[in-house]
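Think of it as A, B, C, D and E in the order they're written, each chain with its own count starting at 1.
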């Protein structure tokens, strides 16, 4: 498959955005998943609802809200601009949008994994002297690796496919913010663009299959490591 | 960094791409919906030039003083046509009965009648010929006019109201009827410079778009030339 | 070094309510299934916040109305009934888990000793799911030992082990008790283990303490007999190793005479505790002749207690020690046994199992 | 909040579509999740990739593909039409689109839950005479209820927010296929529509919070039932 | 009714390779931790596909080169070492799980009996996580019993139970053995349980069969002694209940004489198996007088075998039965014991535990 330069750009940008989306959402997702799985606190259900929000709202609305918050005149946008950080109309914003859209998926995968960890093992670690952080790092974390992996795959796949929030927040500037889905969208807007759109669609697919294959392979190794298989 | 960044309505993509290819200067175009582009410009999008498919959003931007005063100008125009799957016989007169016969229980594909420009124009026409209330229950509204065209091409809908430019490029549809342009607002694509981003490169590119060569491209793609007021 | 426990906790119908002190050495908690033994253990380890109570270890309050020291800060080495090995670590990593949190650097030779003792050398690379039930428990035991605990809490750690493995571990626990100054709480429903290891015994039933005190006293206390079981009642004698015979029999002196027992490895001069089950003692009015038993001790009967079965417990004085025999009521009658009668206690040398002989103690 | 009749229609339709989306995707999701979690077969990774597809592709593309497959002239569409089932331009098609878009989320949640079930319990059930189906129904299924619940929440939330595939496949016919996201999108297309869009957005939010609260409550009950808490 | 097993399976270094036949009644599989007992059980239950082998139950082939009957079709009631109760069901539902797959409608009174016997009445509403370790195991046992299995496979089901509970379950297992015609495979590392319950014994070590045969033969076979442990060696006598004394002692006739044993509930005329541990037998050259033991049997020494410790195993003929005594070498020497010598065997009545007396058998 011969890709045109803009197509290459879109592919590389999509990959960059997706990787970053996963990287930035993972630590927070771990924290939130742990809170939801293991702690009781007032407002827990509300936090859970908030996490699900990006799923419920049409992506364009999420993008619009992001634009309002992080745009030139947005509350956060102004502050970040002072620190020299631009998000709107920038690939970093695409990563943020993708991260937010994938967040509920990542959190849920990790949360399910944490809920499946036998608290008795964590207790055993405690009696061996491990404090809460060590218990998490040495026992919980390795045991939830399959869940984290699942979360990463979901988050990555979602980021590869995210379109509505991204195009609304960072527009569709070739070479700068045009991801694969935006490129496909633009192609589908004019008659005769289907063939090119199909090419890019297949490209997405290849990336997705690659990512899933990789994750299945990793999952198998992890499952062996933690004695599940 | 490109010389010029243009935010343009997605339906202009083919023609604009051809125009950009013939321009000696680096131009990038970000395609999107008109409302989306307007909001982005209001939030400081890095656009030097905008070309929308809808005058209302340009008005909206002007109210917010987001555009360079007096820079607004209509680039090209377009026409509405009634289409059917290829092979359908032309309609001499789109009467209620004739349309219903064609629909045969199916739906009339159209852009969203309260948002997508092509839908708005289509609605105006239907209202003008007093068929609006009759056909409201039989519409299939699309997110964008391309989807409406797709439905007709795939024979999901026996009829559709789309731009002449779209209909021309799609082999799977035939134009059944040219909608008289006096029965709806004039279909124009206004272009304007974004306030705070004025630069000569953008001005040069804007002028280039008015050049006969580019206007030819638009004509070939089924758009309509406008009398330029330069 | 001591542990002081006073607890009250409710689980539905089940109500735990008890207090005990555990000094240095081994305190056994003994009781039937469901008595609340594991519940006590969890409270001590900090895995259960009791409804009420106070727990203090070496003057350090772990639990009271205001205090609740977290499990990780208690330094209680807990060996669970169900192992709880970390499934994502191999045996070697499981074993070394506690080391990083231990107050002092770990002693490689000590580590090697424990691993060898528990027969874990060949298992280092295995993962928990590749271990048999007994192997898992051995790893759990070693893991707790290697975390340098201030208190060792063993919740039926040996119940999944076969006799030879038990035999191999018990001496280590004895040494631990005698050499390291950590109190050990040993939960068990095997009186044999309890008698061999424990200095102190707490007997639980349905969440209540029904007996406690020094092992020698409790096990030969008729009041505790229903909880201990008749077959486990007996006495513990203090003995001194006098001589090792070349035929494998050692001569031990007890205050009332001399015993010949097999398989004693303690050096001459060592002080031993020898547990003699009541059922292994015969009584003879005459000094027997031509008998295969080497151990005949002159005694004076101090008390007779009839049980609810066909048995009678006969308490005898042999020097400074008390000896307990369990014989049939018919025999007691026919021999006309009564307090004050002088007679002979016959003890089968081979009947004293290795497990009933242990060194030192406090 | 006073809702106009069309807004009510959109809300009710969204609810109907979302419920049906969950209902139709659940059985297949259970099967696929079980296959992925417990079986080894050639093409397993491919199946997994296929399941992730709707995440990776831009929603509009998915809608486009749906139209090609289930439209009047699509391969499946023709067959279904013979049976009297219409999907294109019909609320049932919206449910199908939402089901497909949410499918990867539902499958993953259930798969994680199945992977966390101790196979030893299933073995115990087998030795008691339970065949594979009974083992699944009596042991695996109850134990994975939290995962199913999580999947249902994710699928429902996704269905409530799904827009791109839906509108491409079934259009935006007020009262018939106009879901909340379609209505919101339409409102955002005209200057000054923000206020009304906001109202509908809040409506979505309320539904989402309600669903999440309900699911958290159910999850707690289920966890108690299966002895996790 | 019989089970025929021939297996070969490899787990890394561990290689299981054995064959045995299990007739009606109880076949015990005995061996140290890691010997492969659970592996054999899993293969029989259909939870493990052995690398090679053939398993047949009552002529029905469960495993061979071409056949592999799934676990659910085997009707093997498996009680696991680790319980494996269903966490989402309460005790009542756990118990009734197997009933729906059982071939015949379940018998409510039988069900009630099992539940009562295992003391589960009060636990019906509990969930597994609210049970103590022992309670869990009792539920698991009842659950398997209630599934009407064709073969009962017990993998150390009692190792988490205390003595009184064990005592309560064992008679039921005996009755099951005698009344229901299902073979039982009983995995254990307790010889006491094995001796009491089993008709046949298979001893495993490191995946290999080191001994098998009738329990009486194997346990008194000096070759098996190292695997069984000296303290567990003994003989099993066939006895007939003659009379129940009012003091709780019953008179039993054995082929070589008369025994007086406590706590026998079998009716007069019943046939019993009495296990007498070698360590509980004394030898006297003269007929003893004034001795508390009621059981003195005239015997003739048939063989002497020196062990590696200080002990000597003395085999004696008492009527038709063989009796085994374990005494010290020193005593054997001093008494000049030799084959052919006529002397007296002394047996402490109270030393024969209830667990060593069982009814009937085959």
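In this text, a residue touches a chain if its C-beta (ideal position, glycine included) is under 8 Å from a C-beta of that chain, and two chains touch if they have at least 3 such contacts.
For reference, the UniProt names are A, D = Molybdenum transport system permease; C, E = Sulfate/thiosulfate import ATP-binding protein CysA.
Every value quoted in this text rests on a predicted model; they were computed, and no experiment measured them.
A.B. asks: Counting one step per pair of touching chains, how few steps separate subunit C from subunit D?
C.D. replies: 2
A.B. asks: From the C-alpha centre of subunit A to that of subunit B, how far is it in Å?
C.D. replies: About 35 Å separates the centre of subunit A from that of subunit B.
A.B. asks: Using CA atom averages as chain centres, what separation in Å is found between subunit C and subunit E?
C.D. replies: 26
A.B. asks: CA centre of subunit A versus CA centre of subunit C: separation in Å?
C.D. replies: 57
A.B. asks: So, what's the distance in Å between the C-alpha centres of subunit C and subunit B?
C.D. replies: 91
A.B. asks: Give me the residue numbers in subunit E that touch at least two other chains, ranges are fine.
C.D. replies: Residues 82 of subunit E each touch two or more of the other chains.
A.B. asks: So which stretches of subunit D touch two or more other chains?
C.D. replies: In subunit D, residues 60, 64, 164, 185, 188, 228 touch at least two other chains, as defined above.
A.B. asks: Touching at least two other chains at once: which residues of subunit B meet that condition?
C.D. replies: Expected reply: no residues.
A.B. asks: Between which chains is there touch?
C.D. replies: Those chain pairs which touch are A-B, A-C, A-D, B-D, C-E, D-E.
A.B. asks: Inside the complex, what are the residues of subunit B that reach subunit A?
C.D. replies: Checking each residue of subunit B against subunit A gives 2, 5, 7, 10-11, 13-14, 28-32, 36-37, 39-40, 43-47, 144, 146, 149, 166, 168-170.
A.B. asks: Per the contact definition, I'd like the list of subunit C residues that touch subunit A in the complex.
C.D. replies: Its residues touching subunit A are 45-47, 70-78, 80, 82, 84, 86-89, 97-98, 101-102, 127-129, 143-144, 147, 153.
A.B. asks: Hey, which residues of subunit E end up touching subunit C in the complex?
C.D. replies: Result: residues 11-13, 31-34, 38, 81-82, 122, 130-135, 138, 156, 159-165, 189, 229, 231, 245, 247-249, 260, 262-263, 278-280, 282-286, 288-294, 309-311, 325-332, 335, 346, 348-351, 353 of subunit E touch subunit C.
A.B. asks: Would you pull the subunit A residues touching subunit D in the complex into a rising list?
C.D. replies: My answer: residues 44-46, 48-49, 52-61, 64, 104-105, 108-109, 111-113, 115-116, 146-147, 150, 153-154, 157-158, 160-161, 163-164, 180-181, 184-185, 188, 197, 201, 204-205, 207-209, 212-213, 216-217, 223, 228.
A.B. asks: Which stretch or stretches of subunit A touch subunit B in the complex?
C.D. replies: Touch list, subunit A to subunit B: 60, 64, 67-68, 71-74, 88-89, 167-168, 171-178, 185-193.
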